[in-house]
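In what follows, a structure is listed as structure tokens, so that the remarks can point back to it.
We call the chains A, B and C, going by the order they appear; numbering starts again at 1 in every chain.
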Amino acid sequence: MSTELQKPRSFFNNPRNRALIYQILLLLGLGYFLFSIVSNVLANMEARGIKSGFGFLFTTAGFDILMSLIPYDATHSYGRTFLVGLLNTILVSVIGIVLATIIGFVLGIAYFSKNWLVRKFSIIYVEIFRNIPLLLQVFFWYFAVLAALPAARESISIGEAVFLNVRGLFIPALVGEAGANVIYLAAIVAVVIVIYLTKQSKKKQDETGAQFPIGRVALLILLGLPIIATLTMGTPFHFDYPILGRFSLSGGTTIIPELMALSVALSVYCGAFIAEAVRAGIQAVPHGQTEAARSIGLKERKIMTLIIVPQAMRVIAPLLNSEYQSLVKNSTLATAIGYPDLFTVFVGTSLNQTGQAIEIVFMTMAVYFVINMTISFLMNLFNAKVALSERK
Amino acid sequence: MKEFKPLPALPAPKDTVGMGVWVKQNLFPNLVNSMMTVLIAGFLISVVPGVIDWAIISADWSGTSQLDCKKDGACWVFVSAWMQQFIYGSYPDEQLWRINLALVVLVLVIAAPNVLQKELRNKLGVPMFLLYPFVCAAFLDGRMFSLEYVSTDYWGGFSLNVFLAAASIIIAFPLSFLWALGRRSDMPFVRSVCLILIEFFRGVPVLALFFMGSVMLPLFFPTGTSVDKLLRVWIVLILFMSGYMAEVFRGGFQAIPQGQYEAADSLGLSYWQKTLLIIFPQVIKVSMPNILATFVMLFKNTTFLLIIGIFEMLSTTQTALSNSNWLGGHATEGYLFVALVFWCCCFSMSMISNSIERKLDTGHKN
Amino acid sequence: MSSEQISPTSEPKENVIEISGLNKWYGSFHVLKDINLSVKKGERIVVCGPSGSGKSTMIRCINRLEEFQRGSLIVNGVEMIEDVKNIEAIRREVGMVFQHFNLFPHLTILENLTLGPIWVQKKPKQEAEQMAMKYLERVKIPDQALKFPGQLSGGQQQRVAIARSLCMSPQIMLFDEPTSALDPEMIKEVLDVMVELADDGMTMICVTHEMGFAKKVADRVIFMDAGEIVEENEPNEFFNNPQMDRTQLFLSQILEH
């Protein structure tokens, strides 16, 4: 037998040793880099007299916030401002995601309409709003559109209930009275009944082949049961109407123009990208699928739900995931118009007042990470359910 | 054997072609669609003439000051009066030629790798491309070229958006490619570090990064050093851009058939030879549409710099709007102008991206 | 297998398909010129011709995957008109097998087969599955029932496609170049299934280049070129004694290998 295989190889030529050496070098380099940063930071903070630690969260904030979903005033702590900002961010994100999805799906499907005007409208909308910077759109809605609304005294109004003016949108607030809980209960019961009926109708179809119009029945129950409950309980709620005083309105619920501008801009902008995703998803399904389904005699609507949508969602779902995350990140533009989201309130005002940049920025970024991880997680669940995947 | 006499081709029946038929099929095929046609047409008819009147017919086009805004419509005088600021920011008048020259060189530097032959491209085009941001920055600054010094505080306008975006993507290109390679690496530590970097810069809101850049970055440097604001912004943009591009490259790597890597290995190429000679060209080609799309996104994001006080175009517009000589609701004209400029650039880039994608696409048509 | 002709059915024959004066335009391009064709129950028709001759377009008109502008088409006594219910009724009686199989990739083989019976014919699931397994056995791949299309070979997928159409119990089967996308060694397994189908008396119209199949199975061979029917005849006459020079030219091109 030859002895070549036993010839000692150079230490450095062994790929495993090389890999080890590279990684050790990288580790040392990173370590030194981080070490110098940390020491600089500590030195700088000392020089500027900035405290460190999370104790500031319990000290008084001392500033007002334009809009809050939970009770808040200047005597509350910085920790509270964090919560207020977080809720506001979640609010505008949810509104944005819902509206953008509706706009996106409507326009995405409109691209395939028989109607030439509808198709062109869809294309033009997407090409316009995709290519204009989002900040510009936010400014347009806030400074050009909403600022042009009339003063409180000359509000645009629908009856005595809804007022739109330069200070915001004033709508009646729904105030539940004693019996209101029954309505909530009725809604929950309706959902349970619908879930049960859906299972039963599927079983029945498997056994006898007969199809039950579950869609329409479900809608009837979901709407009907709470309505019946409302009527039998003597409509146990009233509206708190906004009342036009001398200079402004009081009562009711106010939707501030900052929230309106930001949500509209986010929805319009992201809606365009979602429309693109929907279009790409539907186009990805080969036309032969539709033809084969037609040749079996399936009705058009069934072709959509059984054949096209499951295959399209395979392409659409990951794109939706990244669009939603992008929307949440873009909501930080609230800073530009003063909507009190997490970024504005915490990284803006609170950081300015306390100077504790590291802690505040770290907390904020952790929050955005968590929100985006949650979105990713929920979308993956959704993906697994709807987009029945093909195994290769 | 009979001779086959083919039937002549007849023209289509009159009631199946022609304008009338097209209108019926495309605009009024059924009740629901007819209603939509009417709705959309009604909307257009009520809105479009008004817009054209405001924007063109009743608009003021010439003049120099607020006093020239006489008519009811748009006052484009506002835009023309501030045009220099919109494009060049507060750069001194006599030095504007420097910005113009830098823009021309930028176009050359981008065109060069596509136009030059392979030899020249690798020896001249690519180094020119990579060095451009530094040379351009030094040139606009002036000190190294013994020209008049113009502090970055005076840089602004649309040219700033363009330079920042271009300079960022140029440096981000090689950096993100390295990150993408690292993410695929067999070395676990390298892979983890790259993964963390990529996910961090992709997952954090851009604005947060800008804030970190202006507020936190100074803390990272030894006490007493001050780093130019624009430089900090540039670094942040590069890192942000690299995160996104690294993901684009990752998709590109996956799109290359496994056989390519195997063939390169079987030829005996080293890791870097394989990567640069075989993989890199293919990845670039495959990823080009996505790279362009990412660049368009970055370009739009340069407007966010307004929030941290960089005087790019949108910020300049706001300054102009609040100027005491021009008060009086020119917000629409100003924002429309900026929107139009950005739209033209982004739309053309996406058209280019589409045509590249079409050339690459050999797949089936639906 | 001997290569003798399968004898045509001898029952009284009524027309299941009647096409008269059918003309189709794509925009202003005249793609089908004055097509006249009658197909009796149990007849096996093979349509051949150069590419672009309109043969696929013609059979796709039969189940309304393509529209035509002039002429009339009557399937199983039902005239093809611009009416959704009417079109669906016709499609239920006509099965189609495509060149690229068009199986639904996100459903198992069994689900591909039971989709039509369950949703269109409203059969109970168990009954649909039993019938599906019966047809899978007939095309000789019952063990693939729970796999996905992507896991099967081309020949297997096409046999599944045939079974899928058969599950709807159609009166007429249309085949649009069923073996053109298959590797050579898989063509035979698909053709064997089609021969068995013909043997059982199924009315079929088959667009194909497989002339051996035509000789064995067809009652009539139709040659189309440039949108019109040039010649039709029973196979023996067609292959050995073509009437038109155009037919002769085509035959010389495809039969010489």
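Everything that follows uses one rule, which is that contacts are C-beta pairs under 8 Å (C-beta built on N, C-alpha and C of every residue); 3 or more make two chains touch, one makes a residue touch a chain.
Being a predicted model, the structure only gives us computed values, none of them experimental.
**Q** So using the touch definition from the top, which pair is joined by more C-beta contacts, A-C or B-C?
**A** The greater number of contacts lies at A-C.
**Q** Among the chains, which has its CA centre at the largest distance from chain B's?
**A** Measuring from the centre of chain B, the most distant chain centre belongs to C.
**Q** What whole-Å value do you get for the distance between chain A and chain B if each is reduced to the mean of its CA atoms?
**A** 25
**Q** As a quick test, compute the distance in whole Å between the mean CA positions of chain B and chain C.
**A** About 52 Å separates the centre of chain B from that of chain C.
**Q** What residues in chain A touch two or more of the other chains?
**A** 286
**Q** Which stretch or stretches of chain A touch chain B in the complex?
**A** Within the complex, chain A touches chain B at residues 19, 22-23, 26-27, 30, 37, 40-41, 43-45, 47, 113-118, 121, 127-128, 130-136, 139-140, 143-144, 147, 283, 285-287, 325, 329-330, 332-333, 335-336, 343, 347, 351, 357-358, 361, 364-365, 368-369, 372.
**Q** Can you tell me which positions in chain B touch chain A when the two form their complex?
**A** That would be residues 25-27, 29-30, 33, 36-37, 40-41, 186-190, 193, 203-208, 211-212, 215-216, 218-223, 296, 300-301, 303-304, 306-307, 314, 318, 331-332, 335, 338-339, 342-343, 346-347, 350, 364, 366 of chain B.
**Q** State the interface residues of chain B toward chain C in the complex, per the touch definition above.
**A** These residues of chain B touch chain C: 1-4, 6-7, 9-13, 16-17.
**Q** Using the touch definition up top, name the residues of chain A that touch chain C in the complex.
**A** 205-211, 286, 288-289, 291-299, 302, 306-307, 310-311, 314, 388-392
**Q** Note which residues of chain C are touching chain A in the complex, please.
**A** 63-65, 88, 91-92, 94-96, 98, 100, 102-107, 115-116, 118-128, 148-151, 161, 164-165, 168
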